Amino acid sequence: MSTIKELDSTLKVFEELESEVRSYIRSFPVTFEKSKGHSLWDQDGKEYIDFFAGAGALNYGHNPPLLKEQLLRYIAEDGISHSLDMGTKAKANFLTKFHEVILEPRNLNYKVMFPGPTGTNTVESALKLARKVTGRDSIISFTNAFHGMTLGSLSITGNSFKRHGAGVPLQNSVSMPFDKFLGTNVDTLDYLERFLEDNGSGVALPAGIIVETVQGEGGINVAEEAWLKRLADICNRWEILLIIDDVQAGCGRTGTFFSFEPAGIEPDIVCMSKSISGYGIPMAITLLKPEYDVWDPGEHNGTFRGHNLAFITATEALEYWKDDNLSGEVEEKGLKVGEFLDQLVREYPQLQGETRGRGLMRGIACKEEGLAEKICEQAFERGLIMETAGPDSEVFKIMPPLTITHNALDTGLAIIEDSIKMCIQK
Amino acid sequence: MSTIKELDSTLKVFEELESEVRSYIRSFPVTFEKSKGHSLWDQDGKEYIDFFAGAGALNYGHNPPLLKEQLLRYIAEDGISHSLDMGTKAKANFLTKFHEVILEPRNLNYKVMFPGPTGTNTVESALKLARKVTGRDSIISFTNAFHGMTLGSLSITGNSFKRHGAGVPLQNSVSMPFDKFLGTNVDTLDYLERFLEDNGSGVALPAGIIVETVQGEGGINVAEEAWLKRLADICNRWEILLIIDDVQAGCGRTGTFFSFEPAGIEPDIVCMSKSISGYGIPMAITLLKPEYDVWDPGEHNGTFRGHNLAFITATEALEYWKDDNLSGEVEEKGLKVGEFLDQLVREYPQLQGETRGRGLMRGIACKEEGLAEKICEQAFERGLIMETAGPDSEVFKIMPPLTITHNALDTGLAIIEDSIKMCIQK
Amino acid sequence: MSTIKELDSTLKVFEELESEVRSYIRSFPVTFEKSKGHSLWDQDGKEYIDFFAGAGALNYGHNPPLLKEQLLRYIAEDGISHSLDMGTKAKANFLTKFHEVILEPRNLNYKVMFPGPTGTNTVESALKLARKVTGRDSIISFTNAFHGMTLGSLSITGNSFKRHGAGVPLQNSVSMPFDKFLGTNVDTLDYLERFLEDNGSGVALPAGIIVETVQGEGGINVAEEAWLKRLADICNRWEILLIIDDVQAGCGRTGTFFSFEPAGIEPDIVCMSKSISGYGIPMAITLLKPEYDVWDPGEHNGTFRGHNLAFITATEALEYWKDDNLSGEVEEKGLKVGEFLDQLVREYPQLQGETRGRGLMRGIACKEEGLAEKICEQAFERGLIMETAGPDSEVFKIMPPLTITHNALDTGLAIIEDSIKMCIQK
Amino acid sequence: MSTIKELDSTLKVFEELESEVRSYIRSFPVTFEKSKGHSLWDQDGKEYIDFFAGAGALNYGHNPPLLKEQLLRYIAEDGISHSLDMGTKAKANFLTKFHEVILEPRNLNYKVMFPGPTGTNTVESALKLARKVTGRDSIISFTNAFHGMTLGSLSITGNSFKRHGAGVPLQNSVSMPFDKFLGTNVDTLDYLERFLEDNGSGVALPAGIIVETVQGEGGINVAEEAWLKRLADICNRWEILLIIDDVQAGCGRTGTFFSFEPAGIEPDIVCMSKSISGYGIPMAITLLKPEYDVWDPGEHNGTFRGHNLAFITATEALEYWKDDNLSGEVEEKGLKVGEFLDQLVREYPQLQGETRGRGLMRGIACKEEGLAEKICEQAFERGLIMETAGPDSEVFKIMPPLTITHNALDTGLAIIEDSIKMCIQK
């Protein structure tokens, strides 16, 4: 290893000091320094438009001004930073405002649990609770689901590379086909029901069924409203807890605060994280129907379940949901992106593309192996941050901040088209 | 449920809106609002001395001024908040300074992995890596270990209540007796070795052995240096990866930066979190010997593995380790607390107390069921925040910020003595 | 408990001294004493025609004369009874004759393993071997499969009541839909393949796929030849070991010695038991392709893997396979039974019956809950032993000895029709 | 492969047609043809004295005359061979006589279950029942335990080679140190209790504890009576089911019918197989206290749970237990063997031997690697069949039929001494 003295380039720092597990830095090989709204700047001052938004953790953009202001004030005034699950004013304010702004207007009745500050924490808490409530062992999840990297969440995640990373067999879960996994003509819930109703199917009645309404990592796969409704009915009929993992699709990414609102369903448990703090800082909540709040005190815990800086920004972020403006914007921009993608598919048949998505969670699945990755690479050279999704990284994924300007959105889309042209020529 | 209007008391907020899983708020039934150094204030302005320090997440006290300053500046300048594992200047600075200030002076050679921002994330990453490196399944952990609440970490955690919360059998782990678990006359590693060497023992050669040098949650149980050295020898001889979980005992809690330094061992993997950010905000790192850095890119990931606000405070916190001042202070204060506790045990035989601990991680195990909890309760009424540990909450635990003033330390200790007197009288 | 003196009735013996787990005695509440060919007699001398044949363990009828003669001679001459896996002349003779009469004429090349004397022993050995050969963990089995009651076999058995009996979650297996599980229009192997080919499906590449060509316990479900061929192709393409569990369908039950012969496939492993000894006494063999014979000596063992009395009768039983006579008989009788059942379905629409089966493994699935059981009950009263199958015991199952006379077969079928009439009237 | 024509030597038959998993034939490379009492003859007419007795399956010797007579008569009269769990006269007679001769005189009250005809079947049934009765998951077993090769039994077997054969991690079991595993000065039950009583031990309260009073395969390790008594007390105190696996040590091998009689304990479940049929043919029973007979009908089943030929010989074998003659003989011969072994240890210090055992289940553990195997090899050349035991095959094991003549016993012992001399010289 070279001495620290020689580490003049910051990329060299990562190569020499950080583990090989690092990943996105390989797609975006620069060192970022500053960010604002829909933009990042690297340390050479080059600006990038962000169509990635922290994988859905930056729905309100980088460092949104009102949140930033509250955060600075709270820190400056020596507000409590870390509180485990003691009572703090910051937490009380969040709970109250979340109830008033989010739950009450939607006629939803949930208790809020702070399970630790990440997506996988909320998912693991949901699995525990479903098992405790029902006394059953297994969880049904879906093909191409992504729920997290700790052992419980990994056992319900579809990706074989991630699963293999566990190093041990993953247990107590059954993978069922997501909507349209078997083609557009097959209602995959027929299959699921057949397994539930046949006493010899080898699939036990599960404690819970966990689903993302739009699978982000899995390839921007959208579950139809009717499919979700039927899934909720099935859960209800068989007394299975329905768990919506809204970690990526929630907080307005698809237009409504909860991604399941258009389907008109009421999940038993909802998992939220990523954009819930609104500032890209760690926070997660688990929402549970009061009748299922059978936890013993401390039965699930975690050092950072009381991250008050996050409570401050999360509370301020709820301002976005006091009216329908943001929802309207997402719908509008989403349609724009969707139409643009449809047009790309038509105009560039070499893509063999399939448009996917809902709200501002969109993408195109490209048939040719490696093509989506090449398009992202070209886009990055042109100043656009965009990533792939899907089991074979076959989808390029458009997930800008919901607050992106139309201008920046148009610029980004134009970069994509340029990048496609470049890739197709080659 | 009452309407929000009626929720005038903040405690009522928690009762009505937060899940029953909340725990510490039941021991400390107030709403905290502000904190600084070794003190917290509730919303009525009452001050509390903190002998809990966020369960070890606040080693440098609440809102340490220099860290706060850097944090405010970084936020004000729109430094990047969230970056997944992209390269950022904040991360590069942390990596460089951690290498210079911590690793190099100790002749330690580790790659740094960012596994997600909590203790259980780093532990889960360590388990995966040990399994990948060795191709083996099981992990040996110790009685009364606490490693986290997600399924992998829970499988190596001793506490039966927490384990039961999993709702499924926990697998691929074997629990062995921690130092002195079988009394002071038994070297429990004889037992461990016997199991390893006998081909019929029913205990397979494990991928790794994970251990806390001082078990915090488990009851302030201290592993002797000789025991740790022998454990390291055993791991070396059998080609088992030695994983030190320094989440609670690290970052100076026992006097040295790493808790294992006095034992003179070099673990293969080190798990750190809690006080690594220095500001009570979520961050974790996994240190691994370069020869074991066999991760594929992205094989373990997580949304909040790039929490740059934490990188900023963590980098500044390393200033504490540029000289021996803090270590010296911890030693001095630790001895003071230790002597005080010894004296309590002598003077109050009704405690049937046993003094435990190292550095500023101390406590007394009380024989009578419920006594330690009562003492904490009394202490809280007198303005001291202190918690219990151990499988039956039988230990009251003294873990103030390392930076506590001698004055406050003395005041806190006096409160403890008063509380004991009160409890014993009853 | 009454004293032994009072136990005058033999049924009382079972009630008082045998565990509640006993099962068939509840359907056939008499004490049997003697048997020959297709008949049993109870201790009162009443004769019963046997349409059950020991659940497929008595394909050549009760106490077939030539086997009986060999058995008596061997015992009389003090042939070795028990030999573990030492070499005995009885075993050598079986191995040689099995090779000559069964394997060579079919151009099959298998090594023979003696895994212990029961069906579940051979299945457990097959699972171990598939895992060892491939280094993979999981096994794919099918809905309504029945493979045995020990933990490994149970994990690939579909029946929820049996699975629940394990008392622990069953692991390392995935249940896929058997042929026609999703209706006659769906090729369920499309589904299986979709899961194998998608890297995000959550279903890992398995070590092996285990299948019964006709599911006996599962409800006399027949896999089509084309389905089996395609399954073999899939296994071949993905380098998955194909395991045929021929415990019930083998030894001529469907007409050919191996049930998979008509499909023209060559499984990698074949599990046989039940009728392999030919005399209803415990014996099992596992056939494996020589290239997969990677066992270490003694890696799988068992006290009764050398049951020489069974080797004697099994060797003699191979005489049935020196020509095509028996196969021809099974075909002829099978067709007769099939036509009779079709006719029943037509003539008794109240059955809402569905004819199932192949060879002399036939039955009718009745829609009305409990109807099949009632028919069996009536049949027993009329001197016919017949049992149900299927996850809800909805199929009455016709499995007489292959050697049954046409006369007895006709009598038995007539009893069934009478029983149906009786049940429908009620 | 050679054509069948060329397979003139019977050993060649095994090499070419049988799987590599075969084991004992490698220690005893001949083909056996006949057996009687304590003798076997190979096909060349050479006689061997049997100090192995089918690993405990031939306690009454090969083909004991009275049993043979009953067996021949029953077969000749067309007694029922195979009956699943229907009622048969043969089973009724066994149940009644077992109750009268074995249970009543010992004041034991057990229901009898027929779990399938092998040791691993009875063990798997015991595990299921313990889990059902208690609602708990895990089973505690002991170091160097051997309980069988199917997945449930394998999970509680100590041998690492056998365990590894599973190909998947073995679960829901905890291995605790058997008596004297940690040396003669350590009461290993202190250790077990410490784990049970500490709520943070990581070892859950188990459903059952399963133990062999003398570990046969594990190295002829004897549990002291006091240790067994204390174990029974522990089980009673913690409401854990005590399961005695008497498959090898039962049926008189240690002098009494049940091996646990001298300890004066009453297990909740007893597993028996091997010599229960008395003729070396497959049979097993599970004894359970009536209050634990909570099985649903058919919850555990198996094709060969009604092996009536075995019931016939097993019933006749009970004649041995109508008086104390056999017990007395075992004691006498056992003492003779024990003294002889003690003398060997004294006279041949090169053995570095340790005498082990009880009744006619004896042996010497030799320190030098491979020595015990060499002694067995030499003994075989001299006409004695003897095997090794222990995790490293370090024990040569003396387990003749209980009915061996003093003459043959002396001859066998003399062969052992000769073999030792030969091995030591080398």
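In this document, chain identifiers A, B, C and D correspond to the written order of the chains, with residue numbering beginning at 1 in each.
One rule holds for everything that comes next: a residue touches a chain if its C-beta (ideal position, glycine included) is under 8 Å from a C-beta of that chain, and two chains touch if they have at least 3 such contacts.
Treat the numbers as computed from the prediction; the structure is a model and nothing was measured.
The chains that touch chain A as well as chain C are B, D. With every chain reduced to the mean of its CA atoms, the largest distance from chain D is reached by A. Each chain gets a centre from the mean of its Cα atoms; for chain A and chain D, those two points are 57 Å apart.
Chain A and chain B, compared by their mean Cα positions, are separated by 29 Å. One finds 49 Å separating the Cα centroids of chain B and chain D.
Among all residues of chain D, those that touch two or more other chains are 137, 161, 168-169, 171-172. By the touch criterion stated above, chain A contacts chain C in their complex at residues 137-138, 141-145, 156-161, 163-164, 169, 171-175, 177, 181-182, 190-191, 194-195, 198-204, 218-219, 390-392. On chain C, the positions that touch chain B within their shared complex are 168-169. Within the complex formed with chain C, the chain D residues making contact are 1, 4, 7, 10-11, 13-14, 17-26, 28-36, 40, 43, 54-58, 62-63, 68, 71-72, 75-89, 91-92, 95-96, 98-100, 104, 109, 111-114, 116-121, 124, 127-128, 130-132, 137, 148-153, 155, 161-162, 165-168, 171-172, 207, 247, 273-274, 279-282, 286, 288, 290, 293-304, 307, 309.
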